[in-house]
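What follows is subunit A paired twice: with subunit B in the first complex and subunit C in the second.
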Partner chain A sequence: MTEAISSLSSTAISETHGDGKRRGFWSLACQRFRDDGVGMASLIIVAAFFVVVLLSMSGMAASGWNKEVAIHDAPPDLWGLLKPAAPTAMKSLAQRVEEETKNAAQAQSKEALPPLTVTDPLAETLQALNASEETSTAKKEKRASLPFGGDRWGRDVLSKTIKGTQTSVIVGLSAALLATFLGTLLGALAGYYGGRTDDALNWFYSVFSAIPYLLLILAVAAVLQQRGVTTVILILGLTGWAGVFRLIRAEYIKHRGRDYVQAAHAFGVPDRRILFFHILPNVSHVVLVNISILAVGFIKAEVILSFLGFGVKVDEVSWGSMLNDAQSELILGRWWELVAAGGAMALLVTAFSLLTDAMRDALDPKIQRTS
Partner chain B sequence: MTAPASSPLFSVEHLSVAFRRRRQPSFAAVRDVSFTIDENETVALVGESGSGKSVTALAMMGLLPKYNVEMASVSRIVYRERDLLRCSDDERRRLRGADMAMIFQEPMTSLNPVFTIGYQIAEVLRLHKGMSAAAAQARCIELLDEAGLPEPRRALARYPSQLSGGQQQRAMIAMALACTPRLLIADEPTTALDVTVQKQIVELLKTLKARHRMSILFISHDLALVGELADRIIVMRHGEIREAGDTQQIFSAPRDRYTQALLQCRPRLDETPSRLPTIDDFMAASQESVEKKARALSPLTPLPPRERGTLSPLLEVDHLKKSFFKREGLWRRYEIPAVKGVSFTLRRGETLGVVGESGCGKTTLGLTLLRLHHATSGAVRFDGQDVLTLSEKAFMPYRRRMQIVFQNPYASLNPRFTVGQSLLEPILLHRMASGRQAATALAFDWLYRVGLDREAFDKYPHEFSGGQRQRIALARALTVEPELLICDEPVSALDVSVQAQILNLLKDLQEQLGVSYLFISHDLAVVRYLCDTVMVMRDGEVIETGDVESLYRNPQDAYTRQLLAAVPHSGIRGQASEA
Partner chain C sequence: MTAYIIRRLLQMIPTMLGVVLLLFVLFNWVGGDPAYILAGKNTGEAQIANIRHQLGIDRPAYVQIGIFIKQIVTADFGASWSTNEPVSDILKTRLGPSLTVMVPLMVLGTLLAIALSLIVARFRGSLTDRMVMVACTVGMSISILVYIIVFQYVFAYRLGWFPVQGWGDSLWKNLTTFAALPILIGLCVGLAPDLRLFRSFMLDEIDQDYVRTARAKGLSEARILWIHVLRNASIPIVTYVMAALPGLLVGAFLIERFFSIPGIGREVLLAVERSDFPVIKAITVYVAAATMLANLAADLIYKAVDPRVELK
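Up next is the complex of A and B:
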């Protein structure tokens, strides 16, 4: 009754809102979202990340992340904003090795050597190949510094970060979609039908959530026998549905007793239609917010998996593998890879979390914001 | 009762409250309201929902949210020469509970479910009086006893969910009385309760007022109820006071048209008018009212001819039983019988009223008839066919012939469906029209028949008021042209004036369509207005069945008499003879 009364009063107010336009649930939610400054800011950040991912997928950005474009461990210059540390001031191990080999080569070249063609019949072909534009990587001028620095092999950290973003976002979102789909489907069936269906699915869920998360992931990884983005998505998606299942099941239990569902029953509306056409739109906000929560969690999970070496393959890059690379180099004072990967992840995860909060507020009109 | 000549205990002067809204001009909920409450006086604020009566009470308690409320600078609420609107928060908190207390409509939600009753009352005593735990407990028992709670000592350790609605409200009253306040504000304290319990609570309030010489501000939408205990009545509408006066004067010579309308539009126990007057009939006659449109129903698509007046039985129910089973532990189940062997017959074109208090099984009965619950045993014959034994597929045609309208219009429409979607679904499902275009045309016809505009088709339920939503729910049920319509408390959640409109509409539609109603209600006056036969239920059993006239005039069972006696009727009866 109180609910009726409170909705009465809110109707009275929402009716007088009248700017003449008819407003559905979604347009009202959008308006509430637009009023939320933090939410809009985080949306812009997340959208920017998505644009980067799209560019990277289409090959318009970071396509050459695997190329060694700079000297080993090139320091960051931030497009000239940062003065790269003078190579002499703090010589890296690689630089020292390089110099020493160069010195040795110079010393050797003093002694006159016979031309290579005498001993190597292919030397001329090699020289020609080296001379041509396309294939000569060795001859190309290597840059001394990069905007975000370079890694051990002189690969651009910025490109790596962009490529890593692509991996992380794709893994996070796809796994979240998969887990939410499974959780929603099973939760809907369990909550709506109850009884034995519910018992069976609950049993399944309990068994699933009783196994330690990381062990389960290792087991699935072992069974699938291969590494890579698809595997990580499957692992995370197949293990992460339990939370959504519980939430959606509770929502369906709540809704199946509602009068509007009873009314649909009274008309003989088929179960399938009641499940996914009548009730699902009413719990869609829960589903949406959950995709978002899971995506944040899975992005972090992928980073951890790749960091530990269970994630992406060696010829792929992710924030996790970047952090792993950076870990051994930090002691040598090369901080830029860590900062780039960590910073990108922190920014995306924070923005995504704030976006989730804003979405939840906008989608659930019952939460009253008192400020 | 005459008020003492000295200054009033409480005076509200030029109170105006407006709610700020995003991007829109603020909404004036209360406009320039002034009244006084004398010591040991009961003042009633009466009005429909949205009239500003609760906002007025909350303003007096200082419970309005600060962030979006604007009050006029001339507004004053004076108590003992102090203007409460200009007190510090600390001062107000000390006054709340100690000098003024409030009880709410829904006792279940106003008590904290995770603390015992005893703890919650003791908390008030400890905070305001600084009592020790032992002293507080002793006082608690006293208070609960005074509030008429049986076995107060045991009730202390109970949680709110272990008490019935009436007992919860008594606990709330005990809590409100804890510091013997000078003013008790009761905001619709009995609306959620059964009539018999309502009568007990009203009696209790009267006794307490006399004993403690306190004042009561009683807020209600029910003029008849208010007449039982108020000394003065203030009628509000749209945030303004329409009329204020002594109870006697309000009932015998109401000056304002709105007050007259409120008095007339409620169905009565002692007479059955052919139609109920509505607020619109009294107010501006020039307004093109929805009601008038509904009255001038022209057949749009010709309705199928109906057997009328044959009085052949449509629905025969034979020893219908419905029990719920609750699992306990692994194997044990225990039975909770809800309907215990009910038998009755409903004839075509007639209305059978099912009356009883909450928990008597009347709603379960309705749902079981439609196979929304599985019957435990018994038979339901619809048009000669036992529908309980049919397969789900074979029952499908009967789903068209038997329909239901629920109590709460806010819950019975899918909030994510437009009205059009809600109406089209049953039309298409049962092939009431061929093609989408014909179906849409049919949906428009039904909207028109229940008195709504075409524009309603594309709107969402939340854009409508309660009464309008109930019209939509009614239209949806009628789209499949049912022969039996089960109305489960269809007007209980609505204001008195809206209730009159819906009842009139139900009567009109029955005349035109020849549909039979099974009308479930706890309101005996409403049942009397609409029904031909009445069945009184208690604890899942039928206590008494009979023709409306004879049953109301000469109730056979003690329980029926008790129910009839509990219906508030003060003032109105006397007024009716004059009108």
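Up next is the complex of A and C:
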């Protein structure tokens, strides 16, 4: 009850805010959004994730996620906050560091032996490789612990998580944009023209919605033999438009009878312009909220696909492939990769869901959420 | 009523044809030549031609679609490409385990969500209510994979309360031993979204006039909630549960995979891994048909529980 009153008063304030001028829809929506504490907090978290993605894409962060920087299964130390305690069955950390560094050095010296009788066509390349910076890291002492621990191959879990964030956010957003684009385009055509167009597109929609979503995704994944980020975006984007279609179609049916559309029609404005320049801005809030809803769903779906091995390639990393690694690591008592990947995903998805709710409340004040 | 059912059944035909067409395009054209996938990598031209003839893909497209429809109607999809087991046998034997897990999960999950949502709805706006809603949002954000991995590790591997995985022949043993932890996990994963949804159904009813009247009559709060509100809120709940019914057939892909339950969901994943097209096609077609029938059943039940609804 108190919440209802406070939300009422805050809308009242926002509408009389300013110098008595009539304020536009978006300006009021922004005002409402700014007044929503949870919404702002979730926006900041989502924005932080986006910054991480940008850093990772530009190569400023996590570029060396694929390098073996530490001993295998290095425990986490959280920058010294956590004392790295190895399970009792394991050798002491110092011993392992020594051993693995020695092993690496030995392997290095073996490789450096000159070829015996047959001339190796790649010998020169190998020598050049050995001399280069890339492989000389193997000679360096491997680290005993990492901030978020290391995986089975001694790769930094923190870097992997950052790279995984990049995969998830890119897949989620691109697939959401693709699906929303398809759904909006088809929904606009069906809703505006009605008749035969509507029947045909509705039939198309009913076909897609008759197959349970996950089954449809898996069927498409079975057919597309290659794996990778682009494939995942295509799978999710091409199968996920049905919900948007239904919503946008309903909006266009509502708008096509309105006076402004009739007027534009009477002026002889071409249909193309009416559809996408006159009506679309008026339903853009529905589109925006839907991109956000779909992105959350697609992030979750990508993790499952990659976990099952139908998602990213072996040389790419995703929270799903990390969880796959974590499954076998957990049995050996190495919990950190599970916590890092699961935690990062839970944080992003929670923030994104709350952001979606806040956006919906700000953009559609008529709909009173029941909470 | 009968006319309505017949009309709805007739409307399913074009949709079903669409599903058939979609699968045909997907598996025959989008994914490349199925003969190469079936034959593997080291094959000669003659062998490919032979396989193409066997699969019928050297014939015109309309003949092939005819063959596909005949396969669906007669439930004879030939043999699996990887195990040579007849596809109809695969479907028959895998359905039982899926249902063993999914039916109790569905019943328990729905009852639990109804009970909890009534309790939460009663304390609407209070701290308890808001804490529960926040917990639901966070709970929904954690990947289902994390739930399964952690529960399997803690309750089966560490504590040993349940077997880590496995499946037997006796229904009772399966239900009490092997399906117990999968059902528990399914309950935990499904509770948060169900609770949020059912709570909103309850709240839609709780402000209605008849509730105020019932209060004015001096009825107890428990009676109002459990008898008056629940009866009306059951309409959207029934629709929601009916819509979820086809999911029973598919089972929970991930749970079946983690616990090695030989159900339909695990079979789909295996088939996708092995490019076993006949199995995927058969399962997809039948589940799509079941989905449409379940939607019709949902509308009929909707009418039965709410006489105000007009069937168009």
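Going forward, the second predicted complex is superposed on the first by the 291 of 371 C-alpha atoms of A that agree within 3 Å, B and C clash if a C-alpha of one lies under 4 Å from a C-alpha of the other, contacts with A are read in each partner's own complex, and residues count from 1 in each chain.
The rule we apply is simple: a residue touches a chain if its C-beta (ideal position, glycine included) is under 8 Å from a C-beta of that chain, and two chains touch if they have at least 3 such contacts.
All values reported here derive from a predicted model rather than from experimental measurement.
In the superposition on chain A, no contact is made by A:Arg155 with either subunit B or subunit C. In the superposition on chain A, A:His278 makes contact with subunit B only, while subunit C stays out of contact range. By the touch criterion defined above, A:Gly268 reaches subunit B but does not reach subunit C.
In the superposition on chain A, contact of A:Tyr260 is made with subunit B only, not with subunit C.
Of the two partners, subunit B and subunit C, it is C that touches more residues of subunit A. Looking at the shared chain after the overlay, A:Leu338 reaches subunit C, while subunit B stays out of its contact range. Overlap of the subunit B and subunit C contact sets on subunit A: residues 1-3, 370-371. Residues of subunit C that touch subunit A in their complex: 14-16, 18-19, 21-23, 26-27, 30-32, 37, 125, 129-130, 133, 137-138, 140-146, 149-150, 153, 157, 199-200, 203-204, 246-247, 250, 253-254, 257, 268-269, 271-273, 275, 277, 280-281, 283-284, 287-288, 291-292.
Residue ranges on subunit A touching subunit B, taken from their complex, read 1-5, 7-9, 11-17, 19, 22-25, 35, 258-260, 262-269, 278, 281-282, 370-371.
Those residues of subunit B whose C-beta lies close enough to touch subunit A in the complex are 19, 21-22, 24, 27, 49-50, 65, 67, 105-106, 109, 191-192, 367, 370, 372, 395-396, 399-400, 402-404, 406-408, 410-418, 425-426, 429-430, 458-460, 462-466, 473, 476-477, 480, 493.
Subunit A contributes residues 1-3, 203-204, 206-208, 210-212, 214-216, 218-225, 300, 303-304, 307-310, 319-320, 323, 326-327, 330-331, 338, 342, 345-347, 349-350, 353-354, 370-371 to its touches with subunit C in the complex.
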